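Here chain A shows up in two complexes: once beside chain B, once beside chain C.
Let's look at the complex of A and B:
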């Protein structure tokens, strides 16, 4: 057993963690704008938070991701701020022209957002500017499974604004929709809580890019929640890019609720932040859903990136394909926990999961855990995990063809990453990410 | 059986005919300046440049000596075959030539086109014109064959001080080269060697050779495991790429390859050195009689 000394220190921090969470709740609550009419939803979330503690590495879900560095930082809610067009111009993708929403400090910027290229039936904008949805919102916003989780609930208590993308039945949006999340802070450590709600009604289809971007080394806590609802036969292709500043703690939740015959293809890329955690949860509510999850982390120095995914299947004929890769250099630490829960009713499920990790230094660390919970008896579920270094014989083979050792390494890293980046459906984004990887080491 | 370093050295400097054990090889080397005759195809030109000169080479892996005093000279236009039993050091020799980091050269010299290459990095040896077709070509998932070939080709161009070739010009060039090995263009868009059959991997090696146009090509057991059709294709490719200005070293177990690529010289390796050298008929004798008689003659020759 652990020594009494460490028990004492854990107990001491337990109180500290409780107080810290209460402080965060009070801070975000105090800054809530009054005009969104979400009082009931927020107070329910606050009640859930009162039952919980700020996570420590004693919690199984946080075993490998230590948040204690946050405890000494007092985060205040980031105020309203303006960002120059010049600061984000490079982030706009040509393919998404006229379908771009820019979120500054968790609030939709009407000055920077451009949504003229979207079909009129689609409702795209901020929560405050979508009054005709208010009756329907209550069924979706903060209603997905897993809403009680501590950081999700914290977001619900205090988000300042939400991006809303609502696609009515059979509306197919050809232009990919891009959401750019940026922060402009006034020096003090700040908490920013982006919120996004995507509802794809039955038969609708869209491509969504979420880009969390930052270039500041200042302390920041981004606590984002994106809820995606895919109704029957809806199709959503989703790219989530996290390249936040070097001082950012990024805790993000993506929760996808899939009705029958729907298809969700998601690619999540983690390049940035000091510490990043992505909770990626898929809940199936009907049969014959298709789910493809692709993940890539490329981290160095003392960065930490953690992906916790959950695919919960409760209906037959579901198909899940998941591949998550990490490239880990320096003293960085990558964590992957891939949970698949196949309930008794989810017969004839076909699921595969692969986690591959490339360690580029002796000090780099990877923790990986496939977690298959299969109750149904007639299913195909395959999983695998590998951790390896660049193969010396592969490098030599390339060298023997005239390619220098450093160039050979870059080529192999690039190849490793591109298998995931190929799944990004917007071509310019794909090539920009590829360029980042090719310059990465 | 032990051979001292002096003996090996002595051996290396002996006139060629004393090494010839091929009994059907009636040729008086003295009349031909001490060199082999235009034995088969007139590629041998005693005045042609020396491409590879290996002198008293010794090399170890993990402290175990594998190459124990090897001598070899290869001139432009020549095709050499190196044969020998498993463990004789043939493959090690090929890896030492291209600078594999697992092998340490402890003595001797390797000169390529007059330059000592022992200090050169593998990629510099490659761009200076040495090519090894691997016995077991590596699979590189995620790197398309096309990209791999283009990057390699451009590394060679860059080393020569030439502009890199762009994607479109490269595509034209590589389509042309595919004919040499009768490969389908669809192989270009697959990952390097991934899921290729044995024969496809070997053909891909020859495709790289066709593209990079080495001065010295070393084929390490390229014939092993090939069916006859693939063997003919590979051999045809190599023959097509042979010119009076380059040279080929074939490392093989089997005489069969030498029916299709006719060597000027056949060397037998044993215990880390070349113990005898002959013409193409030596290979046939090895095929029919095995190696024991060669080893025996070598032993008696040394002890006599």
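Let's look at the complex of A and C:
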């Protein structure tokens, strides 16, 4: 298919992109703290990076997300920095009191984190502070499928610290755990690489909130990786909120590996950043897994939000439900690529996917590709996608009941978004996000 | 399942015979000289040679696409015969009586009677054998209403101005790798011109036959419908069985001006290779229609059952305001067949509408992909698209993929896409069995129901044929 995207990034030659990637690798490598003892893992990731190129719109995975604007910015690794309690007080959720981890510039801040409300068996904290895990870590950290992907490998080469949440067998954590990621930069463009590892051993359960937050318009590159491991029967409910500053390039990876009978419910919300890309990957390692993915993007001005999801089913009786919505205003550009791969062994899979896009302005743009790849024959798979503006008849219906047109429009946008936000399990977070949407137009 | 599902495709390919006829073929390989030679053999006007050379030079700079979801060993473009024509063919045919009787027999065998008097159906046929057009029937009758229906070589001699005006306007020479190759070496094809405010008095049809085992077929079809006119066009294809793979890279260009309608139907039954995937045609085709005028309409209907590999995206570029594009497709793959097919609907004008209905059936070890693009440009206010692509899997070693690209740049557009995957369930077969219907009949009924939306769009005789064709192709697959 002839590419119609203006291939700006192609103008940057392959050599330039190679050099840029090498520069990034050297920069993050030089800043690695020596005491984490992950040398082997990091050098393997670096070897993988040597064989890869910085993506351009010629790559199918990056066809609609042009990273060439990054090429002219030299990102230095963000140094250690302190943030005032006042700056993050508003982000703390009452439900998560005593189960909050604050990450500043990619490093866990012991001063700001409060984890007193967690069961003693659970290990929650930073990578450096949990030495008794080091033997087990090797099997999980950076071991998920897809770890070779260029930005994931870059994170592995250079992350400064990692949040570790390790739930032993049958431990159920009642208090939702909140991770707040913030940055404080010293003016120069900086790269921040948050890393998170969640292992839910068999029969354990937890609710996790990841909140990426920023309010500065400075150039920043956030390259985050969160690995979630759900062993047999584990249940994890996960909300990922991205509200980064207007100058931020946010490239995030969430990779979930699900064993037999596990259940993962994830909600990803993208409001912020100049350019946001979320790679959301689900891999199945056992049968009868349940996966629910809900996504919402609400972007305006010249924002760009891209969600690439992959659900790889390789065992029987899996259930997948996915709904992704986008509200696009101004000159914003929303991209969705939802891939479901059902292997021959994954008989009796039931998968559904729906992508709905609301275009609010003439300059807004949507590119979507709901993609099914099916080899098993005894499966039920369906997907759908719609792109439209608000329905004139719906607005008219509300007007006929005495609601003004702008109000009707707000109401419909709110309803459109709430279908996704209702899946956020922490009530205060849900109502805060809802408030953002109601102010949105 | 009570019957073994995979024993299916034992039905021999009944068009697999070869006609022993002396051919006038040029040596293998491709070079500028070959391009010049083809042009000279056909005694073409100068602009054509120019066109071909430009395309050839462009082709040299291009790379074979790797994005389709198909795999095949690299093609040696220097090992293909680019021009092959039956030798006994006289330069200019006075009447059908002058056609080589062997050739007539070949087409009789294929069920395409070229003798007009014997012809019952009211369809004009252009028969293409390897690189040349053998005969075109009903030409005089069509000429009465001003319709031009002839081979493109003939059109180049008799109506060069029309060909020059439209050739390459819908599919530019550098559109893609195979389009460039075709533009350089195309040998023959059909040309149709429907004058203003004319309804073509009968359906037009082209029948393609590859005979030579080493030759590629590169045909080119151009249909121009002037404002207010309408035409229905059918296309059929077969080839003998060879162990080697043959390349078929065609281009079809349609132009519809104000209020014109073109209905284009294809039943593609090239040789698909044997059950081990040996042999068969590589069908790499570029088909595109341009709705240039207001209220114009182009409708593609295709039944794809043959070819080892199909790579084909009949598309509509909706430039005229309120123009309509339609795509109805059934793609069946069996054994080791691979199909990567679908459509592109590019909405440029206001209030343009498009409909896509695609049904994919994959059996045995085949790979069936739907790849589609719906693009709504920034100026396409009020554009509307509805797409539905359903897949049916027979057996657990075949695969069905969908790659629908939706690109929207206008907020007043409304685009809907839905897709589902299903199988022929044991419970369905049991239900039929209860009513005394054998599994074979049940399968063919389920399939024909699954494809109904598409078959309804085919001309009557074709629809019946397509139904039978699918049943034959799938015989013994389920049981």
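Throughout what follows, the second predicted complex is superposed on the first by the 429 of 441 C-alpha atoms of A that agree within 3 Å, B and C clash if a C-alpha of one lies under 4 Å from a C-alpha of the other, contacts with A are read in each partner's own complex, and residues count from 1 in each chain.
Methods note: a contact is a pair of C-beta atoms (placed from the backbone, for glycine too) under 8 Å apart; a residue touches a chain by one contact, two chains touch by 3 or more.
What you see is a predicted model, and the numbers here were worked out from it, not measured in a lab.
Asks: Once chain A from each complex is brought into register, does chain C clash with chain B or fit beside it?
Replies: After superposition on chain A, which the two structures share, chain B sits beside chain C with no clash.
Asks: Looking at the overlay, what does A:386 touch: chain B (first), chain C (second), both, or neither?
Replies: A:386 sits against chain C, while chain B stays out of touch.
Asks: Which angle, to the nearest 10 degrees, do you get at the Cα centre of chain A between the Cα centres of chain B and chain C?
Replies: In the superposed model, the angle at chain A is 70 degrees.
Asks: In this superposition, which partner touches a larger number of chain A residues, chain B or chain C?
Replies: In the superposed model, C touches more residues of chain A.
Asks: For A:215, is the partner it touches chain B (first), chain C (second), both, or none of the two (neither)?
Replies: In the superposition, A:215 touches no partner, neither chain B nor chain C.
Asks: Once chain A of both complexes is superposed, is A:344 in touch with chain B (first), chain C (second), both, or neither?
Replies: In the superposition, A:344 touches chain C alone.
Asks: After lining up the shared chain so the two structures overlap, which partner does A:60 touch, if you call chain B first and chain C second: first, second, both or neither?
Replies: A:60: touches chain C, not chain B.
Asks: Just to be sure I read the superposition right, which of the two partners does A:402 touch: chain B = first, chain C = second, or both, or neither?
Replies: Only chain B; A:402 stays clear of chain C.
Asks: Using the touch definition from the top, say if A:364 reaches chain B (first), chain C (second), both or neither.
Replies: second
Asks: Is A:378 contacted by the first partner chain B, the second partner chain C, both or neither?
Replies: second
Asks: After the superposition, pull out the minimum Cα separation from chain B to chain C in whole angstrom, please.
Replies: 15
Asks: Per the definitions at the top, what is the overlap between the chain A residues touching chain B and those touching chain C?
Replies: none
Asks: Touching chain A in the complex: which residues of chain C?
Replies: Spelled out, the residues of chain C in touch with chain A are 67, 175-176, 313, 344, 371, 373, 375-376, 378, 391, 393-423.
Asks: Across the complex, what residues on chain A touch chain B?
Replies: Touching chain B: residues 391-394, 396-405, 407, 411-412, 414-416, 418-419 of chain A.
Asks: Which chain B residues qualify as touching chain A in the complex?
Replies: Listed in rising order, the residues are 98-101, 121-123, 126-127, 131-132, 134, 137-138, 140-143, 147-148, 151-152, 155-156, 159, 191, 208, 212.
Asks: Residue numbers of chain A touching chain C in their complex, please.
Replies: 1-2, 4, 60, 344, 347, 357, 359-389
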